[in-house]
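For clarity, chains are labelled A, B, C, D, E and F in written order, and residue numbers in each chain start from 1.
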Amino acid sequence: MFLPRKILEEKLQAMLAEDTGQGDITTSLIVPADARAQATVVAKQTGIVAGIEEVNIFLQSLGLEVKASVNDGKKVRPGEVLLRISGDARTLLTAERTLLNLLSRMSGIATATRNLVEKLQKAKVKTKVACTRKTAPGLLYFDKKAVMIGGGDTHRLHLDDMILIKDNHIALAGSVEKAVEKARKHASFSKRIEVEVTKADEVLPAVRAGADVVMLDNFSPKQIQKAMILLKREKYCGKIMVEASGGITAENIMRYASTGVDVISLGEITQSPRALDVSLEIKK
Amino acid sequence: MFLPRKILEEKLQAMLAEDTGQGDITTSLIVPADARAQATVVAKQTGIVAGIEEVNIFLQSLGLEVKASVNDGKKVRPGEVLLRISGDARTLLTAERTLLNLLSRMSGIATATRNLVEKLQKAKVKTKVACTRKTAPGLLYFDKKAVMIGGGDTHRLHLDDMILIKDNHIALAGSVEKAVEKARKHASFSKRIEVEVTKADEVLPAVRAGADVVMLDNFSPKQIQKAMILLKREKYCGKIMVEASGGITAENIMRYASTGVDVISLGEITQSPRALDVSLEIKK
Amino acid sequence: MFLPRKILEEKLQAMLAEDTGQGDITTSLIVPADARAQATVVAKQTGIVAGIEEVNIFLQSLGLEVKASVNDGKKVRPGEVLLRISGDARTLLTAERTLLNLLSRMSGIATATRNLVEKLQKAKVKTKVACTRKTAPGLLYFDKKAVMIGGGDTHRLHLDDMILIKDNHIALAGSVEKAVEKARKHASFSKRIEVEVTKADEVLPAVRAGADVVMLDNFSPKQIQKAMILLKREKYCGKIMVEASGGITAENIMRYASTGVDVISLGEITQSPRALDVSLEIKK
Amino acid sequence: MFLPRKILEEKLQAMLAEDTGQGDITTSLIVPADARAQATVVAKQTGIVAGIEEVNIFLQSLGLEVKASVNDGKKVRPGEVLLRISGDARTLLTAERTLLNLLSRMSGIATATRNLVEKLQKAKVKTKVACTRKTAPGLLYFDKKAVMIGGGDTHRLHLDDMILIKDNHIALAGSVEKAVEKARKHASFSKRIEVEVTKADEVLPAVRAGADVVMLDNFSPKQIQKAMILLKREKYCGKIMVEASGGITAENIMRYASTGVDVISLGEITQSPRALDVSLEIKK
Amino acid sequence: MFLPRKILEEKLQAMLAEDTGQGDITTSLIVPADARAQATVVAKQTGIVAGIEEVNIFLQSLGLEVKASVNDGKKVRPGEVLLRISGDARTLLTAERTLLNLLSRMSGIATATRNLVEKLQKAKVKTKVACTRKTAPGLLYFDKKAVMIGGGDTHRLHLDDMILIKDNHIALAGSVEKAVEKARKHASFSKRIEVEVTKADEVLPAVRAGADVVMLDNFSPKQIQKAMILLKREKYCGKIMVEASGGITAENIMRYASTGVDVISLGEITQSPRALDVSLEIKK
Amino acid sequence: MFLPRKILEEKLQAMLAEDTGQGDITTSLIVPADARAQATVVAKQTGIVAGIEEVNIFLQSLGLEVKASVNDGKKVRPGEVLLRISGDARTLLTAERTLLNLLSRMSGIATATRNLVEKLQKAKVKTKVACTRKTAPGLLYFDKKAVMIGGGDTHRLHLDDMILIKDNHIALAGSVEKAVEKARKHASFSKRIEVEVTKADEVLPAVRAGADVVMLDNFSPKQIQKAMILLKREKYCGKIMVEASGGITAENIMRYASTGVDVISLGEITQSPRALDVSLEIKK
């Protein structure tokens, strides 16, 4: 997920413009046009920091000097300095909230992701933790990037990415087999095909029809285990991947992971993350 | 916060375009070009629904027919139908995730807001619950609108709105008095002036210098109480407003509210809301 | 009204792009690609200069070097140099008209504003001169900024700013009281509420219902005086503000100002300003 | 200057969005979501109306019904109804100022243009009245269109239009002859070539080098007359066109026109037009 | 590659706006504002038509009525009517060139693709014909869509799609193995991994390191054959896919196809396609 | 066709953004964030290079250093280095395809144009070679610029440029005379008027009605010759220009040129150009 700086700048400026309206009237009334300021951005909580690269680009594009003290992905503690910024005081104050909002959201997502990833690593489980497309609308890039920094799998980045046949597609196609067959026949060789199944007896048909990945949606850990046994018996292990999804949370994730699925995906890490508390302090 | 439909459409299409990339390849491979579908959007949790108006405009602008079963602000229960949609099946499937992401975020914010508002109403406290500018970057309009639907106060909508003199402004101006005086002299008559104070002994200077609102930042309930007594003694009650902010959560809000402040603001309702679970079901 | 440089750049480039079309064909045919030029921007009339900051940012963003000889708000005389520019000759010639158009419009507005402000200052009247939302469409920021530079009050910057209840709102609400009451109850604490009244007997109801500002629309100076006496008698002086609007021009403004209203607003300073004559001269 | 409706819509929505900010808060607090309204747009002054087509498209794109009572170019009198509008009351109120700003600016330009055109027509002079590129920045299309409606000549629409060699180009090229020669040699056959001359002795060199049009810049009527005699003597009449520009106003235009030049151009009709007073009245 | 109509409209309007500038002056001078017209779009050459859906959406969004006589992908002959259009004459004439440019480019690409696809089908070869990212800049969607309509494989739609490790990546990583290993370890499970090899002895290392697809770049048919034998011997057949690329044209494609590779990709079908000749004829 | 750098940058970034999607995942997985690289862009075929200026601006705007070894318009041979680039390796790899696509398309158009121009120059014919508006949609600027670099005439740049009355306009106006008369009367003095005629007997009416240029559409060389004789006889030579268009190709162009027309226009140079083969090679 490497975006050239110029493309990111445009997304970031749009965020600032929205917040600014016709201009920061408080700052223009109180802070002289030639005032300069120095500031630090400081963590107020323990967590995984994400968004350092984006904030860096954002502030530099505004003509401010930035020095990052930490890299994306680092675990930070309360009081730890993340960035040192200096330059035009008015610009700094006007940009403050936008930069903090971005940093705290991305860090919140990275923190939630890392917690799950470490839980699985400690249990020596190889299952990957993935996010879904349940992001804040308009923030797809930033939310996915934060998951990646947290050590998670970004899953599809777009609807034009992997082919993912869901229940609603199957309903409209008539059957799992028909849906997979259609995809298989006309899809680009460059795409994986994943099929979401909601019942145990759809697993083998999906795989036989040619799915590269099968997603067990809203299966209990026990139901997943049965499906895994079935797939092993039919010699599909190592040939296809299995993803578990639906109803999985930080609390119950270990029970799903222990089934040996390849991927576990959770909507909540991008849909309901707790922001990491960070603040900006001016040192005149 | 009334935005003409056309302006909203543009914001909503940008969200969809981001998610779509070069197009929904799964849908185009599996669903025939002339297929039509009917769907319902259903709540999976109890909460306050918000975003119905926006989703309505979004889907209509895509050529789909929509019938809302509930209005924004209504409390819904699991299984309750929110919207009935019909029209081109491919369009419906491509738009599904964007509409659900918007609806679940806005409803999550409205739900969090309403919970706090009702808590205060039950205790017969007149204090308003306000959000801050700690929104998801780029989603200012939607987050603020959701707070309004939840019954909260939207606070500043932009940096060009009310004048809000914060610690960093005061630091750069030299003193509270100097900062307020500057603002008072040159600000448009159309703006309120609010001053954020971090120490008890800044309260009276701020008010005397001409603040319309004083924000007690990170004051404990006890400290707030003292400030309120001071203001009453100096006959400022009814003339200025007091806002409490910083460190206030759903857990401790009552202790702040009981001090009699006019407004309590919380970052978490827009920064860390839990999404309300909603889903879309196709009925062929 | 402080906008970070990057946000302004985008607005200014859009103006240039509109004027340029597929490119400046005259310049590309006649001026060599590596030619450099020096130029001065000179005032041809006496007036208040405005737009220096914007033009500075505009030219620098195009890679030209600029040195401003005057600051925004200064009174300039015919022949006075405003800016010295040097750099790529083609860029300079292509940008010439856009920069002059901006500078002459903003300076024209600032000049008209300053004339009124000084008239009132000489008469030792404290009334503020304000503009309205009658700007050139799309030039809201620049027109308001020019008024501010001229010493005027910018009034509302957006429809999301102060609440301003006009005759059409009152007509739809049923009565002044109902309209103000609705606003009072649900408006954010951060907004002032102004009510436009068109008849003398609406003044007190508006104020009693809770207006922070009352706008006397199309009142004659005599009618305004009566309203002021009424408000004084009812002890509203110092508590609410009074704005006079409608039919006020540079000619009759003193008669309105002498009534003691707090604010006088005129559409003409932004809607029909005479451009200040400025020109650019190349020194090879 | 025919622009398909969709392209105009986008320009017009951008104007509305700028004025609206995060939404019309007054209207949303006071006017019910389902209220409908009827309104008329009425002239308050005598003048030539322009912008009816644009306002029509603007309002229709917002879902309002519009009926124009007059066409662009018609002379209207105080009290005359220009448009009847009906539909969603909130949308109507939010769009009111944008539509009036556009209509009053365009009508002001058309009125100023028509006054000059009629002056010349009455004197049976065939000289055309043209505008320049001195428009409000960003409003090129609307300002030029208004001139056309007023009966004026739109002159260059872009820098990529006709080739117009000005003093600064000549300065950089070395001489009039060199500049025209370069243009002649490499310019597309589809473009006219105009040369701006500031001294009498540049007229013949410009024409001999191949100019299609010669612009006499800041020539007095007497100087123009001499140049016209010269051109006649050299048999250039009917082969090339002559434009007079610089220092021409509504007051002195007849003296310039009587010289027999083909075109007279004035910056003031687009740069300093008086807006035509129009207003919108709600009839519930 | 299904894009909702609204998203396509925006791309198509941008094309029209570019061509239109400040408006179609010929049409506005000659065609009355209320003139209506009927037109047919006719093929002038034999080929595969593509772009019917896009043109349909384009014209409808401009308020014109369209009836397509053929579907995308159909082989058309000279004189065959593709579309019948009716509506506002000015709009139709202004949009004419944009629609023809789109239709003739997309049809040209589809025709070139289909020719190759049919060549292979006749020879009963199962190899897929794919395009590359060598499209006209800015026309990625339209060029890829046309390839799909021609029966070709769209290959990567974005740089965020499949992972494709090219020579330059390998050069920077140190070796094929290192590059693939890095990708394997951190890539999302949802992506295929393809490796471009330029020498025969890189094939097995790439596959052993975990490539899903191996691209033989600039291999001669003989070299490809050797590589295929190697892969069969090592039992990789059916497990990985092989793509041949570089130097392949319509003339020599059969020699490459006969090697049994899975995919053949050619830059020329999107980079140097001959436009299909189509024209629009007005029937008043 | 001189566009200031900033305006070009925006067009070029849009091309890159389209290709990049949510980011270059291959590069971000394999190339370290701090890797730097050096590269050369090399011609693989003989041709006229075009786009050097645009690519230069594109790469510099991304923060890369570029040194052009050749200027636009130069004939290059296989193996010749066009550009040397150095800087951030990730940015370079992500931008590679976009820069090559632009360069190879523009150079292909310039090469095709130059071939025709030189053919005519060798035959000592003064006829100009012009392109049409048959460009790739959205690439008008780049295609026209490439024609100019190749030595061709850019013809109309927009629909707001020269007035060009085509068959469909004449059909709607009633006759050639009526159409030209309308244009003559109301057109700006700054525009040439060209009339497209499809039959020999329309030539004189068009010219008599006041056309500056007459386009003979789909005339055979013999028919053109007759028309030229007619025009000479009627003394229109040297007063008007003649353009031949329709059915002209690189093969038959000399037969058209020998008729003595002023301009020959061909759609194929912008509609079906063969891309010039160029490639980028990393030198670590």
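Some notes on this structure:
The rule we apply is simple: contacts are C-beta pairs under 8 Å (C-beta built on N, C-alpha and C of every residue); 3 or more make two chains touch, one makes a residue touch a chain.
As the structure is a computational prediction, the values presented were derived from the model and not from experiment.
When the partners of subunit A are compared with those of subunit D, the chains appearing in both lists are B, C, E, F.
When the contact pairs of D-E are matched by residue number against B-E, C-D or B-C, over half are shared only with B-E. Interface subunit C/subunit D: over half of the residue numbers present appear on both copies, so the contact uses mostly the same residues. The distance from the centre of subunit A to the centre of subunit E, with each centre set as the mean of the Cα atoms, comes to 31 Å. Subunit A and subunit C, compared by their mean Cα positions, are separated by 44 Å.
For subunit E, residues touching at least two other chains, in rising order: 1, 20-25, 27, 94, 140-141, 157-158, 160-161, 188, 191.
If you check the complex, the residues on subunit F that touch subunit E are 14-15, 18-27, 29-31, 35, 37, 39, 89, 93-94, 96-98, 100-102, 104-105, 108, 133-142, 157-161, 163-169, 171-173, 179, 182-183, 186-188, 191, 267-268, 271-275, 280-282, 284. Residues of subunit D that touch subunit E in their complex: 1-7, 10, 140-141, 144-145, 157-158, 160. Interface residues of subunit F facing subunit A in the complex, by the touch rule stated above, are 9, 13, 16-17, 20-25, 27-28, 61-63, 90-91, 94-95. Residues of subunit D touching subunit F in their complex: 1, 128, 130, 153-158, 160-162, 188-192, 194, 213, 241, 243, 262-263.
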